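In what follows, chain A forms one complex with chain B and a second complex with chain C.
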Partner chain A sequence: MKTDTMQEQVDVETSPPTGLQVVWREFKKDKLAMFALFGTILGIASILFAAYFLIDEKETMTIKIIERFTEPGMNGYVLGADEAGRDILGQLVIGAKNSILIAFTITIITSIIGIFLGIVMGYYGGWIDNALMRIIDFFMTLPTLMIIIVFVSIVPEYGVWELILIISLFQWVGTARLVRSKALSEGRRDYINASKTMGTRDGVIMFKGLLPNLSSILIVEVTLSFAGNVGIETGLSFLGFGLPPSTPSLGTLVSYATNPQILSGRWWVWLPAALLILMLMLGINYVGQALRRSADAQQRLG
Partner chain B sequence: MNKLLSVKQLRISFRIRDTFYAAVDNVSLSLHKNEILAIVGESGCGKSTLATSIVGLHHTNHTKVEGEILYRQQNLVQFSENQFNKLRGNTIGFIFQDPLSALNPLMRIGEQIAEGMIYHARLNKTERADRVLQLLEQVGIPDPPRVVRQFPHQLSGGMRQRVMIAIALANKPEIIIADEPTTALDVTIQAQILDLLKELQAETQTGIILITHDLGVVAEVADRVAVMYAGQVVEEAPVEILFGSPKHPYTRSLLKSIPQANEKQGKLEVIHGIVPSLMKLPREGCRFAPRIPWIDDSAHEKEPVLHEVEPGHFVRCTCWRHFDFQEEVQLT
Partner chain C sequence: MWKIIVRRVLVMIPQLFVLSLIVFIMAKQMPGDPFTGLITPETDPNRIEELRQLSGFYDPWYVQYYNWMTNAFQGDFGQSYTYKVAVSNLIGERAFNTFWLAFVSTILVYVIAIPLGVLAGRYQERIMDKTIVLYSFISYAIPTFVLGLIFLFVFGYQLQWFPTSGTVSIHAERGTFEYVWSKFHHLLLPAITYAVLGTTGIIQYLRTEIIDAKMQDYVKTARSKGIPMNKVYSRHIFRNSLLPIAAFLGFTITGLLGGSIFIETIFGFPGMGQLFVSSIGSRDYSVITALVLLYGFLALLGGLLSDIIMSIVDPRIRID
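This part shows the complex of A and B:
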């Protein structure tokens, strides 16, 4: 560049795309990701809307033995009824709402813990990092599923919050590890040192200077861990260690399929829930992958 | 004499596999009011290590700092992070080598310049905004009201370095430490930035420690020069004396390796070898001896110290009295 002060100004006019623009561009390029994004958002929104405004949970969960295994389309049961005569569609909507909200809450809790610890570890390094890393390694070696199952069987009164907390207890580890490694490299950049030379305190540097620069990675991580948490909750409920039987869950509906008669003869009980789980997981994962690609694209731009 | 900062017998060591190796060894220097002190030396000589430890940017986990850095009758070596935060950005400013990586990519220029003022200046929001505009004006950035709203990637390299200088100047510091402030810039921009630094220095009477590997830069702006080799100061003198009668073989080699316009093409004398890595550094005797093997061992001191050869001119070791460039001329 052979420029003088005035010519240098020309550079000012051209501005590389910002983060959001890169993300949008990635989604526009990838029609399937776009479809997944809107499908997932629309799906989740309509499930929540239906669960709160259209379906009465008490009514849905009332046992009506005469309606036992009503077939889809009969007696006003759009998707039929289960062995206790409860509406499948209603259970599906309420169950999906429960799964989504539980997964969402777990994601919030574990993200806050994971991001906080990860940044502190990566920024300070040294003994803080070493000590926390030992704890994380310890958590990684634990058989998570077994511990949750044991916990659920020995705790007498356990409901939604207990389930959320016990899953969260194990799920922050992955986020913390990822954030740590990103913060470790980002924290060595000169702008962090430059902030220090202005007299800015560590806390401010970490959460106001460093954190926004990790945001593209964090969005990906949070999205994917949300999908993971939907899987864990429905999986546990499927095994009978998730939500109590009185609370509808997608996993409980799918678990009816363990009965061979229902599996082959009464497909409407379990198949819709299985499909819904599949679609939710695929949709969120696909969005997460597209976000990851745009995060990488951003990294290439510098 | 108006001493702003004095470094006394400073030793900075890094831990590598449980052993500490000194990257800065027994360095004593002082900075006076209203002067530009240049520190020169090839890359790896410990210049950045020295600069960053003055403002406490070193990682305490694996860095050991011994000796004294005296500033306002206080020893900065013993300062805590909180104590440093009261100085940094307030009375001591710092300018980094690469302005692109030293600016937060996601923060507006205006915010970044204001950052240091939030902690040190008693200004309200509008006063701060005014000061930011005034600083941008002062460092020669056209159209400040627009630039404050821009992000670093929207500026050119030279403009970014001007922003860095504005940040360092924000609270009217007594001392500015600039670590290779022009190395990442194009030659024409380099000259502009140096002019700006010199101009601002004359205006504000700030003491500047300018770190560089480029003797051309030194000649242009410095008042006094310290030449560093392998973690030690090997020669220190006012700039005219250093360029007029350089003594230490290392200084003379550095001067020789500057391409001269009137010299015959391709006939560039260079010193052999490179700065040894930290673990391989000779810790006894003259550290430069391995690079001038044709000089007899007896010419070197056993434990070389700085000798004052004329007022204000210090040279380490005695080998300079016996030093001559080898006949062989290297082609590069």
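This part shows the complex of A and C:
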């Protein structure tokens, strides 16, 4: 035990603080970021918990026309009911769960593709880099939102997975571009060259040498792209090109507001979902910004 | 200068070509053809078949692509299925509305962003700066449709400061001052919504630019000559920092196009974005393909514009 603490002290004195310590210091310094971090984690956890254990999806989605537009707080409807008499609170929880899980899946898929391609491009450079960069530049100029919508409308047998794949098809580009630029400068460092001279295989250098050293930037990128994906999915669902009607999303709930009577007179149908999207986006993005600051020594507060 | 513009335009050509190819392939995947718009209950199926033969519906795809492109260059995108008019006329009408919305939005973006960016840079790390940075963070994080709906709810329905849909009041007579005012009044709220969201990049750029400039020698020189700080900001720093901001114009336009789909849907504003959403709903494929192609082209043009302005204001790019 004693030697352990000794060891730790020596570490602190001789080596710079590790990535995680720096991040923690940054959050300790910025109280709002700490609040955003715990608020977002707690919020997402309780939404997932409620969606799986407290809310009966079948019961919530059953149409009860008599209870149509029940106002909040009446007949046991905490947040009121929509035009089919379905509980808003229940739909909110299920919608949020769907939106979060879909955004999460898209983030995982696009991050894997983006990080892999980015590192390969940055490490090898040359014609691989040039060719892929052309493709990425082209993707960046596409009217992405429109093309996603067109894809959604022409894909036969449209479902949740099709939506995830269509969005992923266009979302890996940003990550790949960012990772490539970081890998390009990191790949010219001495330790990479030393590895090469020692005859380490390229694959090992890239994913055991380079990748861990990019981790702080990757965490930032993944966090921010998660927020972006929540925005895209809810936006598409809002326009009616997102989740199929059987799977409610936060965007579907907000889309009821395209009916002016609901927008002005029955605010409880759409406003909670809109505010929940807002809170999620602010929370995740704020955490992302704090992480970004801690990844850059010049911007650190702590 | 000209060399870089020419080179940049040359890069655009293959991009445009690939874009048109993608749009063409997507169009081929969609059910229906340019004549679906002509079909009425009285149309003879044989006549349609004949038209298809004549227009080369059964030609190999590259011949079809060539014909489609040559027509598109002449502004002929076929007939709209729902509106029964030529697609180019339909889009032209809507493009006018979108253009005005984009124009007012762009002006508002700069009107809001420039003073905020300058103030944030000048009062760095003070309350004013922190508030502006927080605002620019919120405007970055908030999705377009959420802010649009909240604005429409608060300013359109609750406070009733703005009309809630359309481009002009039905009571206004064409040609009068009232008519112009009504048009402006209708596009003000959508434009404000867009402007609030579109300022982030410019504010952050201007802020860092001014913070950097404060340390520069020319500012110290100006100060030691005895020029008051206010004048140093308005004459020296501001002018130097302002030029690169012009380059954001292209990105602002590109961003506007993407946002127009949400904003026009929410505010019931009959522009190209709303036309796109309603065309998808009614499966009006000739309109959809034309709009995707047009938006892609405008986005490319926006990037080109930014690069050209950048090469004018920043000599380092020209040398490259």
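Everything below uses one rule, namely that the second predicted complex is superposed on the first by the 283 of 302 C-alpha atoms of A that agree within 3 Å, B and C clash if a C-alpha of one lies under 4 Å from a C-alpha of the other, contacts with A are read in each partner's own complex, and residues count from 1 in each chain.
Note that in this section a residue touches a chain if its C-beta (ideal position, glycine included) is under 8 Å from a C-beta of that chain, and two chains touch if they have at least 3 such contacts.
On a predicted model such as this, the values are computed, not experimentally measured, just so you know.
*Asks:* Quick one: classify A:Ser153 as touching chain B (first), chain C (second), both or neither.
*Replies:* So A:Ser153 only meets chain C here.
*Asks:* Looking at the overlay, what does A:Ser46 touch: chain B (first), chain C (second), both, or neither?
*Replies:* Touch status of A:Ser46: no partner.
*Asks:* State whether A:Leu145 touches chain B only (first), chain C only (second), both chains, or neither.
*Replies:* second
*Asks:* Does the superposition put A:Ser195 against chain B (first), chain C (second), both, or neither?
*Replies:* First partner only.
*Asks:* Please indicate which partner A:Gly209 is in contact with in the superposed arrangement: first for chain B, second for chain C, both, or neither.
*Replies:* first
*Asks:* For A:Gln21 in the superposed arrangement: first (chain B), second (chain C), both or neither?
*Replies:* Neither partner.
*Asks:* Scan A:Met281 for contacts with chain B and chain C and give back first, second, both or neither.
*Replies:* second
*Asks:* Taking the stated contact definition, name every residue in chain A that is touched by chain B in one complex and by chain C in the other, in rising order.
*Replies:* none
*Asks:* Considering the complex alone, what residue numbers of chain C touch chain A?
*Replies:* Residues 15, 18-19, 22, 26, 29-30, 137-138, 140-146, 149-150, 152-153, 157-158, 164-165, 257-258, 261-262, 265-266, 276-277, 280-281, 283, 288, 291-292, 295-296, 299-300, 303.
*Asks:* Quick check: in the complex, which residue numbers of chain B touch chain A?
*Replies:* 52, 55-57, 59-61, 81, 84-90, 92-94, 96-98, 101-107, 115-116, 119-120, 140, 142-143, 146-147, 150-151, 153-159, 164, 167-168, 170, 186, 188-189, 192
*Asks:* Tell me, which parts of chain A touch chain B in their complex?
*Replies:* Answer in residue numbers: 1-6, 8-9, 11-12, 14-16, 125-127, 189-191, 193-202, 209, 212-213, 302.
*Asks:* Taking the touch rule as given, give the residues of chain A at its contact with chain C in the complex, in rising order.
*Replies:* 137-138, 141-147, 149-151, 153-154, 227, 231, 234-235, 238-241, 251, 254, 257-258, 260, 263-264, 267, 270-271, 274, 277-278, 281-282, 285-286, 289
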